[in-house]
Structures are given as structure tokens and as C-alpha cells.
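Please find the structures below.
Both complexes shown next keep chain A, but they swap its partner, so chain B is in the first and chain C is in the second.
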Partner chain A sequence: MKRRFVIAAIAVAGLVSFEALGLRPSEVVPTRAELGTLSSFLLGAFSPALTYEAAYVGADAPPLLLKVADAARRTVVFAAAAMSLAIVGGVVLGFLASTAWWRHDLRSRGPIARIAFPLIYVGTRTLIALMRSVHELLWALIFLVAIGLTDIGAVVAIALPYAGTLAKVFSELIDEAADDAATALGGAGALPAQVFAFGLVPRALPDMGAYTLYRFECALRSSAVVGFFGPETLGKFIRLSWDENHYAEVWTYLYALLVLIVIVEWWSGALRSRFAA
Partner chain B sequence: MRTSAEEIAALKRSRPRNRFVSVSLVVFTLLAVYAWFGGDLHLAEFDLDRRLANAARFGEAIRPYPIQELGVWDWATAVAWMGDLLAGDGWQALQRTLAISIAAIVLAAVIGAIAAPLGARNIVRRDGLINSPRRPSRRVRIAETAWLTAIRGLLIFLRAIPEYIWAFLLIKIFGFTSWPAVLALALHNAGILGKLGSETIEDIEPARAEALRALGATRVHTLIGAVTPEVLPRFLLYFFYRWETCVREATVLGMLGVMSLGSLIRDARAANFYDEMIFYVLLGSLLVLAGDLLSAGVRASMRKAA
Partner chain C sequence: MPLGHYDYRLRDVRVDYGRTTALALGELDLVHGEAVAVVGPSGAGKTTLLRVLGLAQTPSTGTVTINDRPAGALTNPELRRARADIGFVHQDFRLVPNLRVLQNVLCGRLGRMSLLASLRALLAPSKRDVGAVYNILERVGIEEKLYQRTDTLSGGQQQRAAIARALYQQPRVLLADEPISNVDPARADETVRLLVDICRGARLTLCASMHNIDLARALFDRIIGLREGRIVFDRTADTLTETEVAELYRLSESADGRESR
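Up next is the complex of A and B:
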């Protein structure tokens, strides 16, 4: 497709969308009252709270910074737990959804394999699509009304779409990886699973690792947001402080999230440069 | 002569290894173990029987309401029920969800495209791509670094805050129009597109820009004539990738009160109409899949044209 055509189509779609939503630029210019909220919120950026803003704080409340650190820690816990499930699911489903380990010699296989392999492929693709097309918060909502949102429910809610996304990307990376080693192994009589594990995965591993870390970064954000539904991650306290107009506290929590994201971005950048070298 | 076992051992010893990668793997594994067994996740209080009973009740409740009345599954009834929901609010909410995602990603692309050169080292530095190759003074160097740090810091902050939290904050300021949802998606994605754009610019081959500069082109002309054409294909790919996530998020942001599929999901849940809730969830999931297909198609055809 011509690039010029794509850009023109995007511009038209954008204008139509703005029009359909009735978005007027004048509405983003804050009114006097809105300006007050906006400016006191933005000013908080320069003086995040180090102690509670409320006049009365329960005697057994921990110091604010400790509470923030604890919420950040729990955000990491939920994200790491979800990612550990998602990686296992992503590798298994990614294997079933990739074609590189069976497509090249499908014709030489028995009749069962010739039907079963494409069927497994299509079935897995459909399952992956369903898993990742439902947002983690909607999974959380479904668990909430179906069985009550426990910590496990929140973890699984994040893990489901993440496993689907990892599986999709893993299978694409594996199918696009150089197949020299895989062909050699297959020619020497290796089983499909062996071809996959020793011929294909090592070739795709650096990209898979980098992508997994990127998803871990996303999982931290999802874990923070899941706090809106109950778990005591950063999102929960952002909401509570915001609803009480404690803007400086909100900034402290936002900065805590920022620190987590910066650390993981640095980590993933460092890993990628090591792999590239 | 060495035996093959010795040779294999020697090969194994000399295999490429990287301490940082191994340490990262260990750290992540420890983190996962700590997450599961550190005592933060309440694993014990899981009353399985009660949960299963709840789940069974939920399984009943998500069947379309007229089907529950009828007692048996009947396609005509189910389809008529879906048609009613679509004709009611569903279709309009679907359109609005799509419109929010498109308006947001276009806005994000505009902000990201402006921020990308402002955060790219080879654009900002005086001895970079579009400037003279003479070494700048120390003071200029420090100013450049400060500028780059500020732009990059702003971009990382924009993307560190999830769309849902941006929307939650913006609703209090702008009320329940579509603006908070559009702005929330736009801010987060501007942070991502701006960063990816900067990185793409930093990776380009300098030849074309240098040639234009040597011919006496101004900085702005070099930026438009040499940098933009090299970066644009990449930027468009990122644009479509991010649009896919915008469609997903646009549904969910409705749960905060802005009109989209999410607000219907929230209302259905509040009214305990679980059949409708699941219907709207699936409608959103269809929209996401359609968006993914469209985006993948456009990306593939752009790659072919390139």
C-alpha cells in the first residue's frame, strides 16, 4: 500500500473520530474551576508528599513512605507472579501455535499428524486470540463476579491475556527465526519437540527474552491498575488519595510507579545491548 | 589428537556466555518464587467449594436472559436478544470505542512525532546530524544534556503511568466527556511513540542528512528532507502496533464512566445482568480482533510496498 495513502487515511479517520465523539478543542481549555484542580495537581509534582496530608491519621498507620514502598513491593509481587504463569503458558501455547517445527515435513508424516498438526495450530491460535482480546481488567471483573476477586484471581486475570500475547509473539519469533539448526536436527531424525527446543528456541531466545522483559514492564502497570479492583497495589492508594484531594500523596505513588518502570526499562535495555554484542 | 568428548568439553567451555544475562535470569526466578511464597498473595483462604458454587451460578446467569426463561438453547431467540442489545446501546458504544481509539492514537502520533526529534541525540547535539560538525563548547554540551534529559524524562513519565490511571485522574479535571479517555490514551502512547521515534532517528544512516547539509540546506529542511523519509516507515509500524492496544484500552476506560463498551459492561454488572455483561465483553473482544486483523493487513502491505 502506498504510504501517502495510508497517512491520508489515518488523517481522515482521525478527523471523523474527533467529529463523531463531538470533541471540541475548546473543551480541553480548562475553566476556572478546572484550572484550580489542574494547577494544584500539577504543582504537587514538585512537592510529592513525604508525610500524610490528612489532618488525622490512625495511630497504627505506618509512615507514608513506608506505605508507598510496601504498595510498590506488592505491585512487583503481583506482576512477577502473573508473569511467571504467563511465561509458562506463553511458551507452551507459543510452541503449539508455531509452524516451524512441523510444516516443512508435513507431507512425509502419517495421516493422523497431517490432520492433527494443522488442527492443533488453528485451535491454539483461536484460544490465544480469545485470551488476549479480553483485557486483563475485564478478566478481573469476570473473576470478581464469578468467584469473587481473590489475589489468585487478580494474578490469573493478568496472566491470561499476557500468556496469549507472549504466545503470539513467541510463535512469530520462532517462525521467523533462522531455521538452519532446525533443518539439520530434523534431517538427523530429531523429534519435533527436540527440533523446537534445540533448533528453533535458541535462535529466537534473545528476542524472546527482550520481549518478555518488556511485558514485565507492562505487567507492573497492569498490576498497579488492578489495585482499583481491590488488591493493595499502587493503583488502590492512588485512587484513595485522589478521591480525598491529597494530590501530593498521589504524586508520591506516581513517582513510585515511575521508579519501578525506569528500573525495568533500564534492565531490559541493558539486556538487549548485551545480547546484541 | 583429542577425542571427541574432549572436543565437546572444549566447545562447551568456550561457548558464548554472559554474566549479566545469567544474573538476570536468576534475579527474575527469585522474584517469581518470592512473589508466590513471600506471603503477600493470600493463597490459603480459597474456599474451593463455595467458589465453585458461585462459578456454577455465574455460568447459569451468563446465558442470554430469554434463554434462561425458555430453559433450552434456541438460536433464533439468542440472535434476536443480541440484535436488541446492539440496536439499544451496543452499536453506538462500539462506534464510540473505535472512535476513541482512533482519535487517541492520532493525537499520540502528533505529540510523539514532535517529541521524537526533540529527544534524539543526533538531532539535539550541535555536532549531530543536522548541524555543523564543529565541536561545541562545554556550556552548550551541558545545556544539550539537560534538554535531552528533560524530554526523555517527560516521555518516560508519560508512558510509566498506565492509561487507566491517566483517565482516572483526567476525569476529575475534565468531567465525563470523551476527552479524558482520548487524552489518557494519547498521553501514554505519546510517551511510547516519542521514545521509539527518538530511537529510530538515532539509528538512521547519516549520509543523506550530511549530503543535504553540505548542499546548504537549513536544519529544518534537513529534518524534513532527510530524516523524516527514513524514519516514517518505522514510525507507521509503531503507530499501528500501538493502535491495537488503544482499541483494547478504549473498551476498558469506559468502566470509569466515559461512554464506551466499558460503561455498558459496568452498568450491566451493577444491575447484575451478567448475560449482557459477557455479551459486551465479547463484543469488545471482536472489535479488538478486527482491529488486529486490519492493522496486521496494513502493516504487511506497507512492508511489501517498501
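Up next is the complex of A and C:
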């Protein structure tokens, strides 16, 4: 009975939102001109460019495949730079945002700690929520407006929301880690920070590593897309080729991105199976 | 600086978990260096008694006094030092499964180190520390497991790793909660003998809970029988009579019967 009601409510909500936005299903059907663009783009998937499509190419231009490889390399470097910032931020904020970090007995603490500890905890969680709630492309736009999108701006734009996401997930993984060893260490006189570092963190570490690798994969996509705003990653060249209607080139860049992501996926799979052994 | 010796005096100690009473003792004294076995059926309060002695459980009422100082009046640093002096071998080991045996054993001495020193000791163990851990693992018979991941060890081997961690702690009191429950009978005798020998040799107080009364009588000075949180007998091993043991079993059978109904 209840389930039927929920399904009906979801359907009604969908219809109401379509109506409110004035969406017409007929708009999805492409016009003849759009259909032409679409089909030549999709056909490009079967014949990605190996050389430039343009009739005239500058004499000093590198071979296309070399250019693609260099764009892919820059995409990886951007993602790695952003992730290395995000990991530091994620670990620091994630530790501070875990309830396990604050599991001291506040009653045995001084008056300053009793006020400061909860404030830091709530402050950290709020900061994490703020960092996460703004998408990396929005951060990139903000930097674009503020300082022009320099390379460091693009890296920080990715690192900010990624640090927030890592912090949130790290704190949850630590709080969910089995605490039997932690209580044993505490019972043998270990300080709360030692209990945290040696009883809880090692248990969460394999999952933290696996999740970080997944985020690295996401960072590759983000750093490619940030290229639309200027930095010389895959996204920039996808846009340039697209503007010239060189769809075969677009596909070459897209396949390069695919290869990067498959490599990271394979790598993280290999690491995970090593952790689990 | 370790206190050197620990004399316990427990008076009217009572531990309640919600409405159930886990422990209700009258008088109980432990003199430093004694080897005490705590016997009794499951749910008799053996673990709770060990937790009280390990300062991990604060009694609901009554007092625990160590060397004439009430345990409840200890300051945080004093409590930390006392806990560092008390080793506890948990029935479920409580090791970190994805650390090496070496690192788990090194963790035993955290209570005597600053945070910085402990980070160095665990992330980059010195040759001296590794040697000390190796010697202890040799005593418990699993020295070849030094660099193995702990969760690759069998239950009995993990039990030995847990004992090694407690010994590496350099405790003055060693509390062991059913240290042979995960070991096959042939190994049980050997493991308890090892614990008793080590504690006698280093003049440590040993207090171990177990089900095997014959083994307790053969190896320990003193045997305490617990049932439903109360002391049924508290005797030297040679004065414990068969009737008293039979009484503990008879009573425990009826107690178990009540529980299961």
C-alpha cells in the first residue's frame, strides 16, 4: 500500500516538473541540420583522426598523435597536482571531522577544551560541506572571473571540492572502522591520538586508498573538462577541434581520455586486490 | 616510572549493566606476584572482574584501592601510567588485522611513549625494538611470523601475538581473559604454563580466567570460583576440595538452566 503511494507520488512529481519547465518531448527530435552534425560526429567514432584534418597546418605543429599524447600527459599532471593538494586537505579535515578523533572524555578536560573541541568539530564539518557544495567547474569559473584561469587556479578549483569529498568519506570510513583494537590500546594507556593513529586509521586505510584512486579517476575527467576554460588539457583541444567541425580529431582526444581512465581503473583494481590479500 | 608492585584491595565492588548485576563482590585482595585463576561458568562475571582490575571498568559502587590509593582518585596521567603497567590479553585478541605482527606487538608499549616517539617507533622501528619483539615472539613460539600480516595467522597464533603484545608492554600485572579458549587442548597446557612461568620469573601478578579447573589447580597459587557475579570460593590451589568444585559445577548447571529458559 505504502509502496504504491510512493511510486505514484514520484510519477506525479515528474509530470509536475515537466509541466513547470514547459518541456516538450518534440524538442528532443533533431532537425535535419542537427541530424547531419550528429551523424558526422557519431561516424567519427569509427575513424578517429591519426593526422590533422585541416588542409593547412602550421609548419612547426607537432604530429597530431604527439599533440594528443602531450595533452593527455598534461591532463594527468593536472589531476595529480589537484589530488595531491586534495589528499592533504582531505586527511587533515577528515580526521578533524571524524567523531573518533574527538572521542575524549570531555568531562576530564579543561573549560577551554570543553568549548573549543565541539566548535572545531562543527566548524570543520561546515567547511567540508561548503567545499563540497560548489562544483569544480563553478570553482573554475570563480577563479576565471577573479584572477583569470591560470594553471594554479585550475588545480585549486579541482582540489577544493575534491578535498571536501575526500574529507567526508575519510571521516566516515574511520568512524565505521572496528574499534576493538582501539579500545585495547586505550586500555593499555595509549593516548587518544595514539589510539586513533594505530588502532583506527590502519583499519580504514585500505578503503581510504581505494576511494582515493577512484577520486583520481574522477580528477582526470575534471581536469580534462577544465580545459574548456583555457588550461591545455584534453578539454581545450576537444573544444578547438569541435569548433572547427573536426569530429574525427575530437574522437582521438576522447579515446585518449578513455585510455587514461581504463589504466587508472586497472591500476586501482590491482592495488585493491593486493590490499585485500 | 613503574610503581614496581601492585597490591589490590577491592571492597564491596559492584558492577551493574542496566538492570543486570554483572559483579557483586564482598572483599577481595590481590597481593603483588600472586598467580590467580578465576574459574566459573560463562556469564559468571570473570571478564568484568578482569576489566575492573585493569581499570577499564569503573565499579557502579564500592572501591578499588591500589597500593592504598583509591583508583577513582587517580589523575589522568596517573591513570595512564597505571594502565601502561597492566597488560590485558583479550579473549578476542583485539589486534589490528592488516598490520604486521611486529607492528601489533610494538603497539603494546604505546602507553609509555609520546605521540611523536610512537610514530617513529612504529613507522621506522629501530633494530633494538625489532630484536626485543623477536625475542618475545620466540618465547611464545611464533618468531617466524614477525613480518607477516596478522590476519594470515591462525586463531592460536593470533592468541600468541596478543600475549606477545601484552608482554612487550613490560607490565607489572598481567590479566588474561580465557587465554586458552582458542587453542587446542594440547597447546592449552603449554600456553598457560608459559604465562605462569613468565609471570613468576619477572615477579608479575597474573590473573587469568579459564574453564579448565584441573589446569588451574596444577599451575596457579590461588583459585577464585565465581558464579552469578559472586565469589563462591577463594582458596589456595592445594586446599580446594572436590566438593567445592563439584558445588560450582552443580550450581552453575542450575544457573545455566535458568538462563536458557
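FYI, the second predicted complex is superposed on the first by the 253 of 277 C-alpha atoms of A that agree within 3 Å, B and C clash if a C-alpha of one lies under 4 Å from a C-alpha of the other, contacts with A are read in each partner's own complex, and residues count from 1 in each chain.
Operating definition for what follows: a residue touches a chain if its C-beta (ideal position, glycine included) is under 8 Å from a C-beta of that chain, and two chains touch if they have at least 3 such contacts.
All figures in this text were calculated on a predicted structure; none of them were measured in a lab.
Colleague: Given the superposition on chain A, are chain B and chain C in a clash or a fit?
Modeller: Clash.
Colleague: Which partner chains sit in contact with A:L130 here, chain B, chain C, both or neither? Use first/second/both/neither.
Modeller: first
Colleague: Determine, under the contact definition given at the top, whether A:I142 touches first (chain B), second (chain C), both, or neither.
Modeller: first
Colleague: Tell me which partner A:A8 touches in the superposition: chain B (first), chain C (second), both or neither.
Modeller: After superposition on chain A, A:A8 lies in contact with neither partner.
Colleague: Is A:F228 in contact with chain B, with chain C, with both, or with neither (first, second, both, neither)?
Modeller: first
Colleague: So, A:W267: does it touch chain B (first), chain C (second), both, or neither?
Modeller: Touch status of A:W267: first partner only.
Colleague: When both complexes are superposed, which of chain B and chain C contacts more residues belonging to chain A?
Modeller: It is B that touches the greater number of chain A residues.
Colleague: Look at A:L21 in the shared chain and tell me whether it touches chain B only, chain C only, both, or neither; answer first, second, both or neither.
Modeller: In the superposition, A:L21 contacts chain B only.
Colleague: Could you tell me if A:S84 is touching chain B, chain C, both of them or neither one (first, second, both, neither)?
Modeller: In the superposed model, A:S84 contacts chain B only, not chain C.
Colleague: May I ask you to decide whether A:E34 touches chain B, chain C, both, or neither, giving the answer as first, second, both or neither?
Modeller: It touches chain B, and chain C stays clear.
Colleague: Please pick the stretch of chain C from 5-13, 41-49, 77-85 or 95-103 that overlaps chain B when the two structures are superposed.
Modeller: Clashing stretch: 95-103.
Colleague: Kindly list the residues of chain A that each of chain B and chain C touches, one partner per complex.
Modeller: 275.
Colleague: Can you check the complex and tell me which residues of chain C touch chain A?
Modeller: Touching chain A: residues 54-56, 76, 80-88, 90, 92, 94-99, 103, 107-108, 110-113, 115, 118-119, 122, 166, 169 of chain C.
Colleague: Quick one: which bits of chain A touch chain B in the complex? Just the residue numbers, please.
Modeller: The touching residues are 1-3, 6-7, 10-11, 13-14, 16-18, 20-23, 27-28, 30, 34, 37-38, 41, 73-74, 76-81, 83-84, 129-130, 133-135, 137-138, 141-142, 145-148, 150-152, 155, 209, 216, 221-222, 224-225, 228, 235, 238-239, 242, 250, 254, 257-258, 261-262, 265, 267, 270-271, 274-275.
Colleague: Can you check the complex and tell me which residues of chain A touch chain C?
Modeller: Against chain C, chain A makes touches at 108, 180-181, 183-185, 187-191, 193-194, 197-199, 202-203, 205-206, 275.
Colleague: Please output the residues of chain B touching chain A within their complex, sorted ascending.
Modeller: For this pair, the touching residues of chain B are 18, 20-21, 24, 28, 31-32, 34-36, 38, 40-43, 45-46, 51-52, 54-55, 58, 95-96, 98-100, 102-103, 106-107, 109, 156-157, 159-162, 164-165, 168-169, 172-174, 177-179, 182-183, 232-233, 236, 239, 248-249, 251-252, 255, 265, 269, 274, 277-278, 281, 284-286, 288-289, 292, 298, 301-302, 304-305.
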